[in-house]
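Both complexes shown next keep chain A, but they swap its partner, so chain B is in the first and chain C is in the second.
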Partner chain A sequence: MEKAVIDKGLKVFENGGDAKLITHLNSCVHCGLCAESCIYYKATGDDRFIPARKVEIVASVYRRYHTFAGRFLPALVKARELNEDTANEMVDLLFGACTMCGRCTMHCSIGVDIAYLVKTGRTMLSEMGMVPASLQSTVKAAVETGNNMGIPAAEFVDTLKWMEDELTDELNTKEAKIPIDVKGKKVLYTLNPREPKFFPLSISAMAKIFYAARESWTLSSRMYDITNYAYFSGNNDEARLIAKRMWDEMDQLECSTLVLAECGHGTRALRWESPNYLKKPFPFRVKTSVELIAEYIHDGKIRLDNEKFKEAVTLHDPCNLVRNGGVCMEQRYILQNFIGDFREMAPNGTDNYCCGGGGGQLAMSEYNERRMKTAGVKAEQIRRTGAKIVVSPCHNCVDQLTQINFAFKLNIQVKTMAELVADAIIL
Partner chain B sequence: MTWFSLFFLISLLICLASLGYHLLFLLRSGQTPDFAPPSGNIRAGILYSFTGAMSPVKKESAFLHLPTYAAGMVYHLGTFISILLIFLLWADVVFPIALSLGIAAFLLASASCGTGILIKRSVKRNLRALSNPDDYISNTLVTVFQLLTALTLAFGSVFTPWLFVAAGLLLLYIPMGKLKHLLYFFAARCQLGLFFGRRGVWPPHKNQTP
Partner chain C sequence: MATLEIEGKVFEVDGDGFLTKPEMWNEDVAALFARFDGIAEMNDKHWAVVKLIRRTWEEKAMAPMVRILCQETGLKLREIYELFPLGPARGACRVAGLPKPDGCV
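And now, the complex of A and B:
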């Protein structure tokens, strides 16, 4: 491996990093008590997947170049050179064996932000041009076409028109619309490109909710993609570019509130990271669709039929929305409003297990087999609830849960929150 | 001043200077500003990080490993007591016999916990793979320090030089490896409280089922 490439990776530690980075790089005491927090270790029992091993591979490189012991007595603290072997191992552990769910972080005996160090390691690999090809191609599609699935604008608009026709037919009114590129509306609503591509009914479901709440809203045909896979690839420049487009679109359309579709990592990348990518606070309001729906119910703007669903319903908490985003009670408030038999998973909320599809795993076909192995933990959780419907406010999770349903023969229905709510709405 | 007291004093100064440097470096590195508006209470998050989040009821690393957790707690308490005692012994403070023997017994127990942790690290495959020589050295130095404190309390001055030498070596070693966590532990809990507090994750919502 060329020195120039290694130097690029090491640049992430330039000047030793900021206080947060230095703290977490120096804090692990190798107690190993984080092992069971991680779905990779839980599902496989493979020592390599203990969260501390992911910390260690990043921290050992840091030690080699930035600590006294690492420089002069590397064997004492197992400090590692950044070379081809180390980098390849980093790719396998940090991209291939972590969803950055942060469950281990919460349970670490010291308080090491393990997911943050995994992200730091991913940034190093991104600087070195070592992002797995499948993940990088997803980022490339977003950068080049404006959405991670490369959907042409004409196809997108056609899908929206088709969904609008369906909606007006269903509701028997021309008032129920899916507005596109309308300036000056209150809400700019975002989408996960999976929706127009594979699940267009979730778009009409949200449109139905907006209609019922008499919301002033629009979609953009230019920039609707809430996702930002560059957050997972660790490429901050690409992440910044993608985030900026959404900020610019808010400006163009003169909307006052950006409403984030049901997408955990998209929410994280936009709500929590985009101001930092752009180094300024939001000039507009940001809200998740889950928070908005909860607000509609609370304010009496929509009413739900609590007789609609007789089956037991359980909730999967997306890690990025809940543990890493703090949106935890709103989805429960919504469900308790109209679901008679709502059953929590154990554990749940901020302590939930990742479905296995986060951290860009669904985009990285290289690790499909491993991903589906980790899914066993979630499958077992769902099975234990006995629920027939699993709702999750994240399209990425819904995708993984759908695969889990098939692979583990759970015989469940998997729905987004908007789909469930739209089905029960009283007009 | 005896030679061993002098050695202890020099080691202490080197240790404090070195830890001071780490602390200064950490503070001077600064916190990257977070431009995202908070949705929670940062102070409450940091407070929770040091309190509720550490409780064995909440922390899986504790409640799934209760014997190790308990051993770790006793071991750390033993270390704090030993540190306090060495300064008192240095100042020639004399304890009543019963008290000396009581503390010595506790320190014997805490040193046993340290030995247990060391054995666990040596025996368990996954821990061995995670460990480096520093882990074993740190564990050994702290355990020996506790043991010698106990022996000094129980049997008097015959062990005093040994205790001060062990303490001096430990102090010299602290800035080298994982024992620095006596500083970074607090920084890590602050950082974690800041992160989860800001995002409204900590303190947890009241009606969330654990």
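And now, the complex of A and C:
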């Protein structure tokens, strides 16, 4: 491995790193409590996957270059040189065996932000050009085309028109619209590109909810993609570029509230990371669609038929929306409003297990086999609830859950929150 | 490089089971991949979807929007999801021999 490449990776620790990074890198006491919190360790029993080991590989490289003992007596303090072997092992552990779900961070006895350190390791690998090809190709599509599936704008608009026609037919009113690029509306709504490309029913579902609530809203044909896979690849420049486009579009369309579609990491990247990427506070309001739907119910703007769903429903909490995003009670408030037989998974909420598809795993074919092994943890959780419908406010989770359903023969239906709510709405 | 064996035939695939050499695809391959996904026999509707995906990909190097699939085959969205239990991407595109689409699929 060339020195220039290694130096690029080490730049992440430039000047010894910032206070937060140094504190977390130097604090792990190797108690091992994080082991059982991790779906990779839980599903495989392989102790390479214990979160502390993921911290250790990043910390050992840090020690090698930024501590006295590490520089002069590396073996004594288990400091590791950043070379091809170390980098390959980092790729395997930090990209291939972590969904950045942050459950280990919650369980850490001393509060080490393990997910943040994994992210830092990913940033090093990104600087070195070592992001797994399939993940990088998703980022590249977003950077080059404006959405992570490379959907041409004309085809996007045609799909929205089609969904609008279906919706006006279903509701028998021309008032139920899907507005595109309309300036000065209150809400700019966002989408995950997989909705227009393959699963547009969630678009018409949300449009139906907006119609029922008499919301002032629009979509943008230029920038609608809520995802930000650069957050997972660790490339902060690309993450900033993608986030900035959404800020600019809010400005262009003069909307006052950005409403985030059901997307865990997109919510994380836009709501919690983008002010840091852009180094300024939000000039507009940001809300998830889950919070907005809860508000509509609370304020009496929409009413739901509590006879609509008789079967048992359970909820999968997306890590980046719930544990890492603070939206926890709103989805329960919604479900308790109209689902008679709502069953919690165990554990749930901020302690919920990841579906196994987070952290870019769903995009990375390289680690498919491992991903479907970790999925067993979620499959078992779902099975125990006995629920027939699993709702999850995250398209990425929905896709992983759909695969889990197939692979583990659970015989369930998987739905987004908007789809479930739209089916029960009383007009 | 992973391999996938179906009924004695071995295919080079990516980690998600998509053909690594899409040009190796033919209708027999499609039928085998479909059986692997639990579709015992491809019917006319399956074929209409798969052939349209394949044709679009050969012309434009990308999978068609699901709108095109519905409008050109006359199938309803829900029918497409029922025909391919793993969905249009991991189900139909894989049977059509495409590389895995990018994104959350």
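Here, the second predicted complex is superposed on the first by the 427 of 427 C-alpha atoms of A that agree within 3 Å, B and C clash if a C-alpha of one lies under 4 Å from a C-alpha of the other, contacts with A are read in each partner's own complex, and residues count from 1 in each chain.
In the analysis below, a residue touches a chain if its C-beta (ideal position, glycine included) is under 8 Å from a C-beta of that chain, and two chains touch if they have at least 3 such contacts.
As the structure is a prediction and not an experimental result, all values here were calculated from the model.
In the superposition on chain A, contact of A:K78 is made with chain B only, not with chain C.
Of the two partner chains, neither chain B nor chain C is touched by A:V58.
Within the superposed three-chain model, A:F198 lies in touch with chain C and out of touch with chain B [touch as defined at top]. The wider contact with chain A, measured as residues touched, comes from B rather than the other of chain B and chain C.
When the two structures are aligned on the shared chain, A:M100 is found in touch with neither chain B nor chain C. Within the superposed three-chain model, A:S137 lies in touch with chain C and out of touch with chain B [touch as defined at top]. Residue contacts after overlaying the shared chain place A:H395 against chain C, while chain B stays out of touching range. Within the superposed three-chain model, A:F406 lies in touch with chain C and out of touch with chain B [touch as defined at top]. The intersection of chain A residues touching chain B with those touching chain C, taken from the two complexes, is empty. If you check the complex, the residues on chain C that touch chain A are 2, 14-18, 37-38, 62-63, 65-67, 70-71, 77, 85-90, 100-105.
Interface residues of chain A facing chain B in the complex, by the touch rule stated above, are 15-20, 22-24, 26-37, 47, 50, 52-53, 56, 68-69, 73, 75-78, 105-113, 116, 271-276, 278-282, 322-326, 328-329, 332, 344, 346-351. Interface of chain A with chain C (complex): residues 134, 137-138, 141, 148-151, 155, 158-159, 162, 192-194, 196-201, 227, 263, 362-369, 395-396, 399, 402-403, 406. Residue ranges on chain B touching chain A, taken from their complex, read 25-27, 29-32, 34-37, 39-40, 49, 53, 59-62, 64-65, 68-69, 72, 121, 124-127, 129-135, 137, 175-178, 180-181, 184-185, 187-189, 191-192, 195-196, 199-201, 204-205, 207-210.
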